[in-house]
Amino acid sequence: MDKKIKMRTEGVNFFYGRTQALKNVDILIHANQVTALIGPSGCGKSTFIRLFNRMNELVSDTSLSGNIYLDDLEINSSQIDPVDIRKRVGMVFQKPNPFPKSIFDNISYGLRVNGVKDANFIEERVEASLKKAAIWDEVKNRLNDSALKLSGGQQQRLCIARCLAVDTEVILFDEPCASLDPISTAKIEELILELKKDYTIVIVTHNMQQAARVSDYTGFFLLGELIEFGKTQDIFTAPQDKRTEAYITGRFG
Amino acid sequence: MKEKLYKLIFMVLAFASLLFLLGIVFILFKESLPIFSKVNIGKFIFGRFWYPTYSPPEFGILPLILASAWVTLGAILVCVPLGVGSALYLNELAGPKQRAILKPLVELLASVPSVVFGFFGMVIVTPFLQKVFNLPTGLTALNASLVLGVMATPTVCSIAEDALNYVPKSFREASFALGADRWQTLTQVVIPAAGSGISTAIILGMSRAIGETMTVLMVAGGAAVIPHTFLEPVRPMTAAIAAEMGEAPVGSSHYHALFAIALILFLVTFIFNIIAEIVSRRFRIKLGLSG
Amino acid sequence: MKRKYIQNLGFGGLFLCMFATLFFLGLIIFFVGARGAKVISWEFLTQIPRCSMTQGGVAPAIVGTLYITLGAILFSLPLGVACAIYLCEYSPKGFMVNIIRISINNLAGVPSVVFGLFGLAVFVKFFGFGVSILSGSLTLGILALPLIISSTQEALLAVPQSIREASLSLGATKWETIKRIVLPAALPGILTGVILSIGRVAGETAPILFTAAAFYMRGYPKSVFSEVMALPYHIYALMTEGVHPDRQMAIAYGCSFILLFLVLSISGIAIIIRQKQRIQHG
C-alpha cells in the first residue's frame, strides 16, 4: 500500500458568517487512492471538499482557520494565488456544468486559459482527455457540436475530461452522480476506479453503497465534525464510533 | 495584479451612474440658485404670475405647478384603471397563448415615442375635443391628461402585472378551497396581497406623467395661467422648460428660473421614486421575497 | 346567481380595460400609418427639404437620428456593461453597491427634459461642444445608461453560477471567466437590451432640444460638432414652427410614420427575442 500523502488538513475550522460549518477537521488524503466523504446532508462535507481548491472564497462572508497542504505547500497562504491551486486540483460538480460551447472548446478551455497556444498540442490533449474519460468514442465525430446536446451522463464525463486536460493532480468529485441515472452512475464509478492510477481522488457522496464500491478510504462527517476516518473496509465493517455505525446501518440520514 | 486592475476599472466605471446623478443634482442647484437671490423662494413657488420676459419680469410658478398637478391627476384617472385593469386581465383571465401576444403589444405601446403621442394628440384628439365640448381650442389640460394617461398605461400595467405574478398560487387556492369564486378571490385576496406592488406601479406611473415633456408641450395648450377647469389650455412645468429654454439667454434670470423649475421637478420625481422603492421593498418583504 | 352576475360584470370590465389599452395603440398606428404612408416616397426618404419645409424629403433628419442614436449607444454601452459586470460579478454586497443601485434606479426616473438641461449646462456650455451631435449623443447616452445596465444585469444573472465555478475550478482567473464564459453566454440578452435602448433613444426629443437639434440644415452634418436634424425634433418643429402649417402637417405625418416604423420594428424585434430567451431559460 502506497503511504504517500497527497493532501492533508490540520485543525480546519470554517464559518459562514457566525455559523460554524466545520469543526477542527484533520484528514489525510492518500495519493492515488479514492477517499470518500460521507454523511447526512448539511454535515459540511461539500463545504469541506471545496476547501481543497479554495472554491469557498467565492462565497462572501466566510472565514477559515487551520492549515491545508497540497504535498508540502500550505495552500491558504496569502502569497499563493488560488488560480495556481485550481490548476493542480480539479473539480467535478454535482450537476454537470458544461460551458455553452462546443465539445472541443469545453475540453480545450482549461489549456487556453493557462496560456497554451500550440494547436497540435491542444488537439492531442483533447483527444487524450476524452479517451481517458471514456467518452471519446461517443463524441469523436461531433467535436464541434454544442456540449449541451449531450445526455446528462455524457455531460458529466465531459466535465471529467475537461478536468483531465489541465495538468491536474487531484480530482475532487462533489456528488458527481446526484443527478444521474444508474447506468450513467455505473460508468462514472468505473471511470473513477480507472483514474486513480494517475490521480488522487476525493469524492463526496450521500450514497453509502457508492462510497463502499469506489473508495479506499472513507471519512464520516456529522454536524461539521469528522467523526471517523479510516480504510473503507474498516469503516463499513467495524466502525469505531456509534454514530458512524448508526449512519451506516441506515438509522438516520 | 492584473486581476485587481480589472476589478478597479470596473468599479470606477460602475460609479458613473452615481457621478451622473450627482452631476445632475449639482448642475440643477448651481444654475438655479441665482434666481433665489432675486425672488424669494416662497414667492417663486406660490407666485401666481409667470411673466418671465416682461420688464420687470415676474417669476411665480404656481400656474405651472398647478398645471402639472392637474394634468398628472387627469392622467392618473386614465392610466390607473386602464393599466391596473389590463394587468388584472393579463394575470387572471388571459390564457398563456393570449398573454404571449398581449404582453408584447403592451410593451410595444410603451415604446411609442412621446413626440408621436404628442403629434397624435394634436392632429386627432384636439379636433375631436374641440367638437365634442365646443371649445375655442382643443389644446387643453384634458387633452394632455388623456394622451399622457394612455402613455403611462403600459408602465403601470407592466409593474402591476409583475406584482400580481409575485402573489403565491397558494393564496388563490386557499380562497377557492373556501368556496370563493374567481372574482371574490381576485378582489379580496389577490388585489390586497399585491396592493403595495400595485401602489408602486401607480406611483411610478405618476412620476412618469409628471416628467413627461413632449406630449404636454404639444397638446396642453401652453397658457401659463392658473387653470380652473380641465377644458382650458395650461402650461405644465416640463412644457415651460422645453418651450422657453431656447429663448432664454444663458445666465439670465429667466434661464436660472427655468433651471429652478427643473430642480423642483427633479426633486418631486426623486421623492416619488424613493417612495416607490420603499413601498416595493416592503411588498417584497411582506410576500417573503428577498429585499 | 347574483355572485355570478357580479363576476361577469367585473371580468367584462377588465376585458374592456385591456381592450382600450390596445385600442389606442391600434388607433395611433392606424392614423399615422394610413396618412403617413401616403407621404412616403423614394424622394421623401432620400432628399433634403426644400421650399421652407413644404417639399422635398427628410433625409437629413433620418441620418441625424441615426448618428445621434449611434453615438449615444457607443457611449452608454461600454459604461453600462462595465457597471453591470461590477455589480453582478465583482461586488460583494455593501454600502457603496447599494448607493450605486439606488442611483441607477433614480437616474432611470429623471424626467427627460432634465437630462436636456444637464446636457445644455455641461456638454454644450461647460465643455464647449456647442449644440452638436456630440452633446446630444452624450446626453442621450446618460439617459440610456440605466436601461443598458438593468438589461445587462438581467442577462448576467441568467448565466448559471455553476459554469462560473467550472471555469474557476479549471484555473481560470475571474476576468478570464467573465471574458470567455460569462459574457459570451450573456451576449444575446445584452444585445436585446441594447436594441431596446436604441428604440428608446431614437424617439427621445426633449434631451436633444437644446443639445443637438436644428430645425433646418442645408445638408448633412460634417462632423460630431455639427448641429443636426433629427426625426423626433423635426415632427415637433413642423407642428409648432414654420410658416405653412397645413403643408407642413403632411410632412409631419411622413416623419411620424418613419419614426414610428423604426421604433416599433426595433422594439418589436427586441421584445420577441427577449420573450424567446425567457422561455428558453424557463
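Worth pointing out:
To keep things simple, chains are lettered A, B and C as they appear, and every chain counts its residues starting from 1.
Rule of thumb we're sticking to: contacts are C-beta pairs under 8 Å (C-beta built on N, C-alpha and C of every residue); 3 or more make two chains touch, one makes a residue touch a chain.
As the structure is a computational prediction, the values presented were derived from the model and not from experiment.
Without chain A, contacts among the remaining chains keep them together as one piece. Among the other chains, B has the CA centre that is most remote from the centre of chain A. The count of contacting C-beta pairs peaks for the chain pair B-C. Closest to the protein's overall CA centre, chain by chain, comes C. Remark: chain A and chain C have CA centroids separated by 48 Å (rounded to whole angstrom). One finds 18 Å separating the Cα centroids of chain B and chain C.
With each centre defined as the average position of its C-alpha atoms, the distance from chain A to chain B rounds to 55 Å. Multi-chain contact residues of chain C, defined as those touching 2 or more other chains: 173.
By the touch criterion given at the top, residues 3-4, 6-7, 10-11, 13-18, 20-22, 24-25, 27-28, 31-32, 78-79, 82-83, 85-87, 89-91, 99-100, 102-107, 109-118, 120-122, 125, 142, 145-146, 149, 173-175, 196, 199-200, 202-206, 209-210, 232-233, 235-236, 239-240, 249, 252-253, 256, 259-260, 263-264, 267-268, 271-272, 275 of chain C touch chain B in their complex. Partner chain C is touched in their complex by these residues of chain A: 53, 55, 58, 60-61, 83-84, 86-87, 90-91, 93, 95, 97-101, 109-110, 112-114, 159, 162-163, 166.
Chain C meets chain A in the complex at residues 92-93, 160, 162-173, 176, 180-181, 184-185. Residues of chain B that touch chain C in their complex: 2-3, 6-7, 9-11, 13-18, 20-24, 27-28, 30-31, 81-86, 88-90, 92-94, 100, 102-109, 111-120, 122-124, 150, 153-154, 157, 181-184, 186-187, 204, 207, 210-214, 217-218, 238, 241-242, 245-246, 250, 258-259, 262, 265-266, 269-270, 272-274, 277.
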